[in-house]
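Next up: the structures, one after another.
The following pair of complexes shares a single chain, chain A, combined with chain B in the former and chain C in the latter.
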Partner chain A sequence: MSIDKAIIAKYIDNSDVHLNDETHLEFYMSQHLRMNGLYWTVISKQMIDQEIDDSQKVELIAWIKECHDDKTGAFSPYPGHDCHILSTLSAIQLLIIFNDIEYLTEKVFPKVFQYIKSIQLDNGAFKGDTFTEELDTRYSYNSLHILYYIKKYSPNLFEQNELYKVVENGLSYLKRCFNYDGGFGLKPQRESHGAHVWTSFASFAIWDEIDNYFNKQELEDLKWWLSERQNVDGGLNGRPCKLSDCCYSWWCLASLKLINYSKHFKHNKIDCLECIDLNKLKQFIVQCQDEVNGGISDRPGNVVDIFHTCFGLTGMSLIEEILDEQKFKRIDPRFCMLKDIIGSH
Partner chain B sequence: MENLTYNGIDFSDLLPTINQLKIKEESYDSKRSLVLCDILCTTEYETLMSIFNAMLKVKEFSERSYNLVTEVIETVPSYYTAYAYKFEIIMHINKDISEELNWLDEFSLDNIKNYQIWSYRTELIKELHKENNSKDFFKKMLHKENLLTKLLFDEDAKNHHVWSYKSWFLSYFEYDLNDYAEEVDYIGKLIEKDVLNNSAWCFRYKLIMDLLNRSKDEEKELLLKEELEYSEEQINRYPDNISSWNYHFRMLELLKDKNFSIKKDLSSLYEAHLNESVYPIEYYAKYLNLIDKYGNQDRIKDLFLILRDHRDPIRKTYWDYKISQL
Partner chain C sequence: MHGVKRINLTEELRAEKEKKEAIQVDRFRNLSSTIEKLKTGKDTNQDLLKSLSEQLTMNPDLTTSYNLRRSIIKDKGYIEDEWNQELNFTLQLLTSNPKSYPLWQHRSWILKQIDKDEYYQKELNLTYKLLSMDKRNFHGWSYRREILDILNERLSLTSIEDLYFKEWEYLTMMINSDISNYSAWHQRRTLLVYYIESTQLTKIPEGTLKKLITKECDYIYQAIFTDAEDQSVWNYMKWFVSDERVLSILGNEELNTAVDKYLEAMREINEDELEFSNKLNKWCTLMMLFLTENYSKEITKVEKIDLLESLKKSDPLRINRYQEMIDKIE
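Moving on, here comes the complex of A and B:
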């Protein structure tokens, strides 16, 4: 039993048509996350090794640039909407995937660093935009991830110290979101949650700082918390006593994978991922695929969407890497980008 | 001259602004060859929104704008801009904030998954507190807020927004020890109702940690031991519950960290429940490791083997790893 790649492709093509059709209600309902939707779609396509043809690429790049705010360097989720850090990271990732690095280094990075600084509070936390007060570890992840690309593609644009100050402050705050049960919450002292575990912990991994902030026992606690997420149906949940949801196949597996980056785990013969019964999880993800329209849903029998399709596939790719199967492309657990792309530039 | 009334109220004076905005919108639409989705807009909705946009443009602060924006929010409960504008109106025409909160209470109960209501509520509460920062007033406010959150938790005990709001309230105001006692009691009732509610256990932990930081050393030991007892009772009530075992073990860790003695032998607690759930087996191993890591190696290994081979085979590899680490 496995995921059917051919009908995944069909599903992506169909949703593409719907989302660009202005007579459809979905078109209006999903404008506020269109940039993220595009990222989930492109990653899903890449996972099944489906090419995006050149004319489509040109159109998409032009559309992404329409969402770029020249003043702040940030991106909006849709032309004319307000900028947000969520859409900014997705846009930057897409431009990297489409290999328009020049636009990033010339038009985006010189300004977006100031934008990122302007949404960071003194305590290191990040807001999602410049108008609202909402704090979330997701926004920390978005910002720290973007800073990684600035350092990588424009190493001489800013003083290294200036960049590291923002990163250090950001990571210290994220460490405060780490709970005694081994997970991370939305803010300090909030209930641990699978998605916040990944956004928090991956930020440390991106900056190669895991061992400077976590001792072995803390990482053991994290590993334990993540291994506790598997339900008897094989799927993973995001909090104790919750139902399985396919997207945690990404959040939790990727986090487990990142524990391997620590010096305490690097030399272990067994990958941290294996504390999950991967065959059972694989079965669960396969059951989430709709046999008719091809997409993947949160749990078997529910309506499918591109978000769960994307994270079902990326989770599947991590499983396959361990089971030594070759159906899907390999994904980097820090960035949720193809290993080929992160390694190639 | 044209007339414009909505719900019997005259808005004709706004027509020039409305027309001005309409021309702008049309030119934008024609440029992008965009046709507005018919399903979404009835004429009534379109009129309501065009009056709203015109008022927003000229920043009208009046009784009629207050009523209209209320209707906009009731029509589109997630329209963030409408809340921000409503708050401005209230500040400008000095509306009674308590009454506004009463409206918001009702509205929140009908819109339980909405999150804009919480940032609006936060702003209103801050203003109310500016007007009157007496202790009595705070107590009344706390009491009232707890009534509302209780009703919302009856609907959805794990609602993330409501828990976030409760945390905000707790960190924003200076609680005294009596207030904490009331809060602990409140959370106790939620746990009583559903002992598996991990969100409630997390909030209890936050409360107790705040209390611990404010207590003198000799009180600290008592507080932690009371919580240890409390979680033990909850474990006995329903042993197959990770939240209570986790909390219980955390109290043990804190007692040990602070060099308070754990005199009582807890083995009997774990052994009493070994057949009822995997958690007592896991936490038994953690407990043995905490009190005497080296002396208990063999017993810990036996527990891991039971988990691996019989009680928790889905995590076989994990238990193999734990055994290899001994």
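Moving on, here comes the complex of A and C:
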């Protein structure tokens, strides 16, 4: 049993058509996350080596730019919707994938830094937009991830110190979301949750700051918490005593992978991923595949979607790297972007 | 999509579904164009709010529609009745969409605008209801924590004590009805830490706090016998015995006695399980290793390795992890 690339490709194309069909209800119900949806679609395509042709690329780039707010530098999830940091990161990632770096350095980065500063609170936490007070480690991740690209592609745009101040403050806050059980919650004091573990911990990895914020015991606790996410069906859950869900094959696995970045684990004989049964997890992901119509679902037998397809495939890629198999493209556990792309620019 | 079964629809059912969806598509499109028109018109606030309600009922995740709604409400200025209606509207939506981030956010905004203690206190009942439908709802627990924190800032000391006492009772009730409710154990821990850290601020006498914590030692002891398979109580125990704040109240000697008692219980559970299933209990064994290591209880290298070898059998998914632990000992 394995993931059938051809049938996955068919599913991605179908779902793409479906989501852009104005006669379908899904077209309206998913507008608020269309930019993220496009990112999940493109990553899924890349994972299985499916090319996006040039004419399609031109069309997509034009659409992304339609979502760009020239005043703030941020992006909305759909033309006419309000800007949000979630859609802003996805849009920037897509422009990097499509290699429109010039637009980013000229039109986006000079303004979006100000936007990011405007949604950061004094205590380092990030709001999701300029409209609400909602705080979430996801928004910290989005902001800190974008700052990485600003530093990378426009190193002279801002004073280094100014940028690092935002990063440092952001990371200190995320450390407060770290729990006694080894996980991270949505805010300080909140229960640990697999998705928040990744958004929090990956932020430290992006800025190469893991060892400045975590001692060995804390990382051991994190490794323990993450390894306990595997259920007997082989899948991973997001919290103790919950059912498995395919998307945690990314959130939890990528987080485990990132522990290897620490000096305390770098030289270990075995990769941190191997503290769970990777073959059983692989089997679980394969079981989530719709064998007739393609796509991957949260659990075997459930309705598939592009979100779970994306994170099932990226999780699979991390597993294959360890098992030394070569079916899927390699993915960077910090960014959820192809290693080829992160490394090549 | 989470938790929706994949089914193959017959032609007939598919056609019916498409027909239903087409009606909804029409409705949504009409609403969107009405909203666009009203946005540019004059004196349209009331109609706009109505259309936005309908639109949000169809899709409660539309961040942009909430933003518009809030700006209209701010312009217009709501009286208490209208705020109550807004609360009812979100309550209805929450009942069918308890996992919508922007919906919870909107609720939280309403409360902030109303800005009254009694409204915040009523919110605890709301989470109570929602959490009885889904005991682990992440949003519900997080919101409850938020409300408690806000009330903590607003109320007088005696009211806070009363509030937290009730919360403690609530958590005990939640845990007693389901020992595997990790969320409730988590909340219990944050509350206990709050109690300890606020003794200087509040008038909780130290004797009372010590009594509470001594009782907690016993509560944990009972819990491990209730369901030794469940990781919730073990994680709580692991925290409890290693937290310096707990230690500072309980004192070395008493904590040590508690640890001995726990170890005794674990041996007992393990013996039973060995007899019953020929395997050691995973959590008992892990915690025995943790406690002996951290409380310098007597255990030999060989005993440790034996325990870890047994874990490989009772928990084969994490076999490499146990091997790694064995390698460290050797």
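Just so we're on the same page, the second predicted complex is superposed on the first by the 345 of 345 C-alpha atoms of A that agree within 3 Å, B and C clash if a C-alpha of one lies under 4 Å from a C-alpha of the other, contacts with A are read in each partner's own complex, and residues count from 1 in each chain.
Just so it is clear, contacts are C-beta pairs under 8 Å (C-beta built on N, C-alpha and C of every residue); 3 or more make two chains touch, one makes a residue touch a chain.
This one's a predicted model, so the numbers in the text were calculated from it and none came from an experiment.
Bringing the complexes onto one copy of chain A puts chain B in a clash with chain C.
When the shared chain is aligned, chain C comes close enough to touch A:Val304, but chain B does not. Touch criterion met: A:Asp290 reaches chain C, while chain B stays clear of it.
After overlaying the two complexes on the shared chain, residue contacts for A:Glu162 are found with neither chain B nor chain C. Contacts of A:Glu59 after superposition on the shared chain: neither chain B nor chain C is touched. In the superposition on chain A, contact is made by A:His81 with chain C only, not with chain B. By the document's definition of touching, both partners, chain B and chain C, reach A:Cys241. In the overlay built on the shared chain, the residue A:Glu228 is in contact with chain B and with chain C. The residues of chain A shared by its contacts with chain B and with chain C are 22-23, 25, 27-28, 132-134, 179-181, 185-187, 189-192, 227-228, 230, 232, 239-242, 268, 270, 274-277, 280. Here chain A touches chain B in the complex through residues 22-23, 25, 27-28, 132-134, 179-181, 185-187, 189-192, 223, 227-228, 230, 232, 239-242, 268, 270, 274-277, 280, going by the rule given at the top. Interface of chain A with chain C (complex): residues 22-25, 27-29, 31-33, 76, 80-82, 84, 129, 131-134, 136, 179-181, 185-187, 189-193, 227-228, 230, 232, 234, 239-242, 245, 268-270, 274-277, 280, 290, 297-299, 301-305, 308. Listing the residues of chain B that touch chain A in their complex gives 34-35, 37, 39-40, 80, 119, 158, 160, 163-164, 167, 196, 198-199, 202, 205-206, 209, 242-243, 246, 250, 253, 314-318, 320-321. Remark: chain C residues 1-6, 21-22, 24-25, 28-29, 32, 58-59, 61-64, 66-67, 70, 101-102, 105, 108-109, 112, 136, 138, 141-142, 145, 149, 180-183, 186-187, 189-190, 230-232, 235, 238-239, 243, 316-321, 324, 327 touch chain A in the complex.
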